[in-house]
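Shared chain: chain A. Partners: chain B in the first complex, chain C in the second.
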Partner chain A sequence: MRKNKIYFIYIIPALVFIIVFVYVPIVQNFYFSMFKMNSYTDEWTFVGLNHYLNIVKDPIFYTALKNNTLYAVFSIIFQVGFGLFLAILIDSKFVGKRLKVVFRNIYFLPSLISITAVALMFYFIYNPNIGMLNGFLDLLGLSEWKTAWLANPNTAIYSVIAMSQWQYTGYIMVLLLVAIQKIPRDLYEAAEIDGATEFQKAFYITIPGIKGMLVATSIITVIGSFKLFTEIYVTTGGGPYNTTQVLGTYMYRSAFLFDEMGYGSAVAVIIFIITFVTSLIQIKLSKKRNKG
Partner chain B sequence: MTKRLLVLLVLCLVAVSFVYAADEKVEIKFLHRWTQYMDYFEEVVKEFEEANPNIDVQMQAISNDPFKEKIKIVLGTDEAPDVFFTWPGEFTNRFIRAGKVLDITPYLEEDGWLETYIPSQIEPFIYEGAYYGAPFRLDGKAFYYNKVLFEEAGIEKAPETFDEFIEACQKLEAIGVTPIAFGNIRPWAVSHFIGTLNQKMVTDETRFTDLDPAKGTWTDPGYVTALEKYVEMIPYFNDFSNALSHDEARATFFNGDAAMMYLEIVETPDLEEFASDEVKENWGAFVFPAIPEGKGDQDYLTGYPEGFVVSGTTNHPEEAVEFLKFLTGKEAGKLEVNMLGWINGIKNVVGPEDNVSQGVLDTVALVLNAEEMVNWLDSSLHAKVWDAYSTQLQMLTDGFTTPEKVMEAVRKAADEVRKEFE
Partner chain C sequence: MQKKSMKFYINKTWINVLLWILVAIVIYPLFWIFINSLKTNTDLFVNTFNIPTDPLFSNYVDAWNMGLSGYFLNSIIVGVISILATITIGAFCAYGLSRLQSKWKMMIYYLIIGGLLLSPQSALISLYRILESLNIYNTYLAMILPYIAFRLPFAIFLMHTYFMDFPKELEDSALIDGCNTFTTFTKIVLPISKPILSAISIMTAIFVWNEFLFAMVFLEDSGLYTIPIGLYNFKDALATNWTALLAGIIIATIPIIVLFLFMSKSFIRGLTEGSVKG
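Then we have the complex of A and B:
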C-alpha cells in the first residue's frame, strides 16, 4: 500500500502537466465555444450552442468536411494500399539485398522534409507558367491539359492531396515493411515447398501477418486527414473560392480572419469529436486483435 | 583553473545584472510589417535612441499577409506593442472601438506637430473627430505602362477615358502582347481595381454609408456597373491571374512581356531597380481612366497612406508618442527617401540634396495632385464583407459568376454584419 503511494508521487508531475496542458484546454475550448468574442477585446457574450447551429448551416463547413473525407479516402488508397504493394515488392525476392536498402530509403526520404518546404516545392511544380507539371504536359503534346493546378477549383484539392501522397506513402511503406520483416521466414519457406506463387504468399501469409499494422496505419492516416492544416494553408490557403477549405483552415479562418474566437473554438470541438471517435475505434479494434 | 573561470563568470554576471538594475530605461515595443527593409528601421531606431538615451526601442517585424492576422492576437495580450503599424480605415477602426489605439489629438495639437503633415495624408487617421495615428508612407495607384509596346501598337497617348483604355488594350492584344499584367492569388490585388471602379461609379455619400459596417446595404446599381466595367477588362489580363502572385505577374511587366500593370507608386523604386533596361528607360504612368457616366468624382485617386499608431493600453504614452513623432517625422522621412525611395507624410520632405529619382517624384506628384484619396477597398471593409466580396471577385475573374451575383453575396454578408452592430 505504502509502495503504491510512492509510485503515485512519481507520476504526479507528469499527470499535472498533462492535465494542465491537455485536458484543461480541451474543456476550456468547449466552454469558449459558447461565447461570442474576439482576440483583442474583453467583451464576451454568451450565445449557447448558436455557433454550432451556424456551423451546420454554413455551406463551407460541408465543403471542408467533404475535403477532409476525400483526403482520408485517397490517403488510405495510396498510402496504405499502394504503400503495402511497395512494401511487399521490396520484401520479395525480386529485389536484391542492396537494392532493398536503396529503395527503402528513396521512398522514405520525402517524409523527412518539412511540410512547408514540400508545399513550396509543389507550389512551383504546379505553377501554371514556369511549373514542371505544365512543362511536362507540353513535352508530351498534352498542352490542352495545362491548367493552374492550385487555382482551378476542379483540380486544386486533388493537387494538394497528390502532394501528401508523394510525401507520406514511403513513410507508411516503411512501417509496413518493418511489420513484414517480423513474420517468421519459415512460413514462406513452407509455402515455397508447397509451390505457392508470390501472389499467394502475399495474400495468405503477408497480409494476414501484418493485419494489426494495417489497422494502425489506416487509423493514423484517417486521423491525420482530419487534423490537416499546413498542407492547405501553404499551398492554396483554402482557395480558390473556399473550394479547398478543410476543417483546420475553416477553424483558422473563423478565429483569425473574422475575429470570431468562439466560432473557431466550436469548429475545434467538432474536429476533436471526429478524431476522438476515430481513436476510440482504433482502441476497440486493437483490443479485438489482442484477444484473437 | 575551472574554478577560477567559474568565479570570473559569476562575477561578470553579477556586474552585468548591476548595470541592468542601475539602468532605468523606458522600453518601447515597436511592431512593423517590413521584414525586407530592416536596415532602414534599425537605422531609425538607432538615431532615435541616440537622441533619447532614456528610451530603449524593441523592434519586431512580421511580413505583410501574416501581419493582418497576428496583429489581432498581439493586441489582445499584455505584450501589445506600444507603437505599431496599421492601415487607416476599418482595419484600424475596429481596434479603436476596442480601446486598443491611443487618441493622439492633444499631442498633435501641441507645438504645431499637426501642421508638419500634408493634410491629405494625416486626415485618413481621423476617426469620429479625433486623430489616432500618423502617416509613414504615402501611396496611390496608377497604371504603369511600357512606352515601347504602346508605340508598337500604335497608341499615341496614355488613355484618359475607360473607352480609350479598352481600345488601347485591343490594339496591344492585336500585336500579340499581354495588355495587362495581373496577379491575384491574394485578392487584395483585385480590391484595388474594384475600389477604384466603385468610387468612380457611385457618389461619395453612398460609398461612405456602405463602407460603414453598421449602415452599409450595398444596393446602389453603380456597384454592379463597376463590376461590369471590370468584366470588360478581364480578357486583357494574362492567363491564370488568380494563380499568380502580384510579384510573379509584375515580373512579366518588368521584363517587357506585358504592356501595363496597375501598380502602387511605392513600387516605383522596385521598377527602377529590377526592370529590364528597356523598361527602365521607357516607362510612364497614368491614373485610372475616367468613366464620364459614373456618379463619382473622376479626379480622385485610389490609395491611402499607411502609418503607425500608439497602443491604447501602453504604459508609456509620452515616450511612445515621442517615437511615433520621430518615426513619421522629417529626419526619418529624409532617411526613408534616400534609403527606400518612399515619401512620408511630412510637408516638403524632399529637397534638392536628396538622392531620389525623377520617376519617384513624378509618380508621387500623382498623389499630391489628386483631388482626394480613396481608401483601399480591402482595408476599408469589415473582414466578413471583404471575405464575401473577395471570394466572389476571384470567381468573377475566372468567369464563374456574374456581377449581379457578386453584389448579392456582398449584400448578404453586409446584412449579417449590420445585425452585429444593432
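Then we have the complex of A and C:
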C-alpha cells in the first residue's frame, strides 16, 4: 500500500498540468462569456447571455457556420470518400508491391508539411498574376476562367477548401489503407474461389471490414473542420468581405482585433460545444465497435 | 483464362494511370514552388514554369539570414523541451495509473483522457489571461506549458494502453531483486517501451512544428517566433522579395520530411494508434 502512495505521486504532475492549462481555461471561458470586458481596463460588466443573443443576430456568424459546414462536407467526400477509393485501388492486385509503398508515401507527403507552409504555397499558386493555376488555365486555352482565386468572394472559400483536400486526402487514405491491410487475407481468397468480382470484394469485405475506421476518420474530419483556423488566417484572413470567416477566425477577430474578449469567449463556447459533442459521438461509436 | 487476363490488363492500366496522375497533382505544386525558389524576382514575373538555367541558391541564404535561422532555433528549443516534458511527465503518470489500486483510479483516468475532447481554440482567450497573470506571456514558457498540457492526454492514453499489456512477471522479478518502483520503471519498463515513446515524440514534434494559433496569440516579440508564425511574418516582411519567401517555405518543410524518411514506421504507428489530426 505504500507503493500506492508513490503511484499517486507519479500521477500528480500530469494531472496538475492538465487541470491548470486545459480544464481551468475552458471552464473560465463559460464565465467570461457572460461579461463585457477588454484587455486595457479591469472593468467588467455582467451581461448574462447577451453575447449569445448578439451572436445569433450577426450574419458573419452564419457565414462562419456555413463555411465550417462546407469544409466538413467537402472533406468527408474527398478525404474519406475518395480516400477510401484510392486505398482500395492501392491495396488491389493491380498495383505492384513496391508501387504500393511509393504511392502511399507520396500521397502522405503533403500532410507532413506545416499548414502555414502549405497555405503560403497556395497563396502563390492562386496568385492572379504569376500563380500556377492561372498559368495552367492559359496553357489549356481557358484564359476566361482565370480569376483572383483568393480575392474573389465566389471562389475564395472553395479555393481554401481545395487546398486542404490536396493536403489531407493522402493522410486519411493511409489510415484507411492500414485498416484494410489488417483484414484477414483468407476472406478475399475465399471470395475469389467463389468467383467474386473486385467490386463485390470491395463492397462485401473491405468496406464492412473497416467500418470502424471509416466512422473514426469521418469524425476526425468533421472535428478538424470545426477547429479550422490557420488555413483561413494565412490565405485570406477571413476576407474578402468576411466571406471566408470560420468560427475560429471569427472568435480571434472578436477577442483580439476588436478587443471584445467576452464576445470572443462566447464564440469559443460555441466551438467547444460543437467539437465536444462530436468527440463524444466518436467515443460512443468506437466503444460500440470494440464490443461488437 | 485468356479473356480474364485481358480484363486484368485493362484494369491494371487505368488504375496505374490514375494513380500516377495523382502523384503528379501532389508533386507538381511542390516542384513548382521549388523551381521558383531558385529564380530572381524578375525571372519569377516573366515565366513561372521554366526551370532556371542558372539556379540562384542565394535565395536560401537570404531567407536563412533574414530571420529564419532564429525561428528555426526557437522551434527546436520549444520542440525539444515540449517533447522531453511530455514524455517524462506522461510516462510517469501512465505508469502510475496502470499500477495504481484505488477507487479514484477510473475517475483520474477519465479526467485525463477527457482532455482529448477539449479543443485548444476554446481555451485560447482564458489561457491568454492566465499566462499574463503568471507573468509568462511572451516567453518560451507561454508556448511550452500549454503545448505540454494539450499533448499529455493523448500521450498518457497511448502509454497507459501500452503499460497495461506489459508482462507483470518481469516487474515482479525486478522488485524481488531489490529494485524499487522508480528503478523498475526506468530500468525495465521504459527501455522496452521505446516504440511507443518514439511515436509520441514524433507526433509532439509535428505538433510543435505546425502550431500556429497559440504561438501567434501568446507571443509579441518576433525574436521568440517559431517557424509557422515566423513564416507568416515573412509574407509581409518580404513583400517584394517573393523568391526568398518561397525558399523559406522549402527550408521550413525539409526537417519533418527528413524525419519521415528515417522513421516512417514510427510515423505510421503514431498515426494509426492516435488518429488525431493536427
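To be clear about the criterion, the second predicted complex is superposed on the first by the 282 of 292 C-alpha atoms of A that agree within 3 Å, B and C clash if a C-alpha of one lies under 4 Å from a C-alpha of the other, contacts with A are read in each partner's own complex, and residues count from 1 in each chain.
The definition used in the following text is that a contact is a pair of C-beta atoms (placed from the backbone, for glycine too) under 8 Å apart; a residue touches a chain by one contact, two chains touch by 3 or more.
Given the structure is predicted, the values throughout are model-derived calculations rather than measurements.
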Go through the superposed model and pick first if A:Gly239 touches only chain B, second if only chain C, both, or neither. first
One more residue to check, A:Phe61. First (chain B), second (chain C), both or neither? neither
Between chain B and chain C, the one with more contact residues on chain A is chain C
Just chain B (first), just chain C (second), both, or neither: which does A:Leu175 touch? second
One more residue to check, A:Phe256. First (chain B), second (chain C), both or neither? both
Looking at A:Phe74, would you say it contacts chain B, chain C, both, or neither? Reply first, second, both or neither. neither
Partner chain in contact with A:Pro128 - chain B first, chain C second, else both or neither: first
In the superposed arrangement, does A:Ala117 touch chain B (first), chain C (second), both or neither? second
Looking at A:Tyr188, would you say it contacts chain B, chain C, both, or neither? Reply first, second, both or neither. neither
For A:Leu150, using the defined touch cut-off, is the partner it touches chain B, chain C, both, or neither? Pick first, second, both or neither. first
Common ground on chain A, meaning residues reached by chain C in one complex and by chain B in the other: 129, 256
What residues of chain B sit close enough to touch chain A in their complex? 69, 72-73, 75-76, 94-95, 98-100, 185, 239-240, 242-244, 248, 383-384, 387, 391-392, 394-395, 398, 400
Interfacial residue positions of chain A with respect to chain C in the complex: 3-4, 6-11, 13-15, 17-26, 28-29, 32, 86, 89-90, 92, 94-95, 99, 103, 105-107, 109-110, 112-117, 120-125, 129-132, 135, 166, 168, 170-171, 174-175, 178-179, 198, 216-217, 220-221, 223-224, 226-227, 229-230, 233-234, 248, 251-252, 255-256, 261, 264-265, 268-269, 271-272, 275-276, 279-280, 283
In their shared complex, at which residues does chain A touch chain B? 38-41, 127-129, 148, 150-153, 239-242, 256-259
How about chain C: which of its residues touch chain A in the complex? 8, 11-12, 15-16, 18-19, 22-23, 25-27, 29-30, 32-33, 36, 44-45, 48-49, 89-90, 92-93, 95-97, 99-102, 108, 111-112, 115-127, 129-130, 145-146, 148-150, 152-153, 156, 181-182, 206, 209-210, 212-213, 217, 227-229, 231-232, 235, 242, 245-246, 249, 252-253, 256-257, 260, 264, 268, 271-272, 275-278
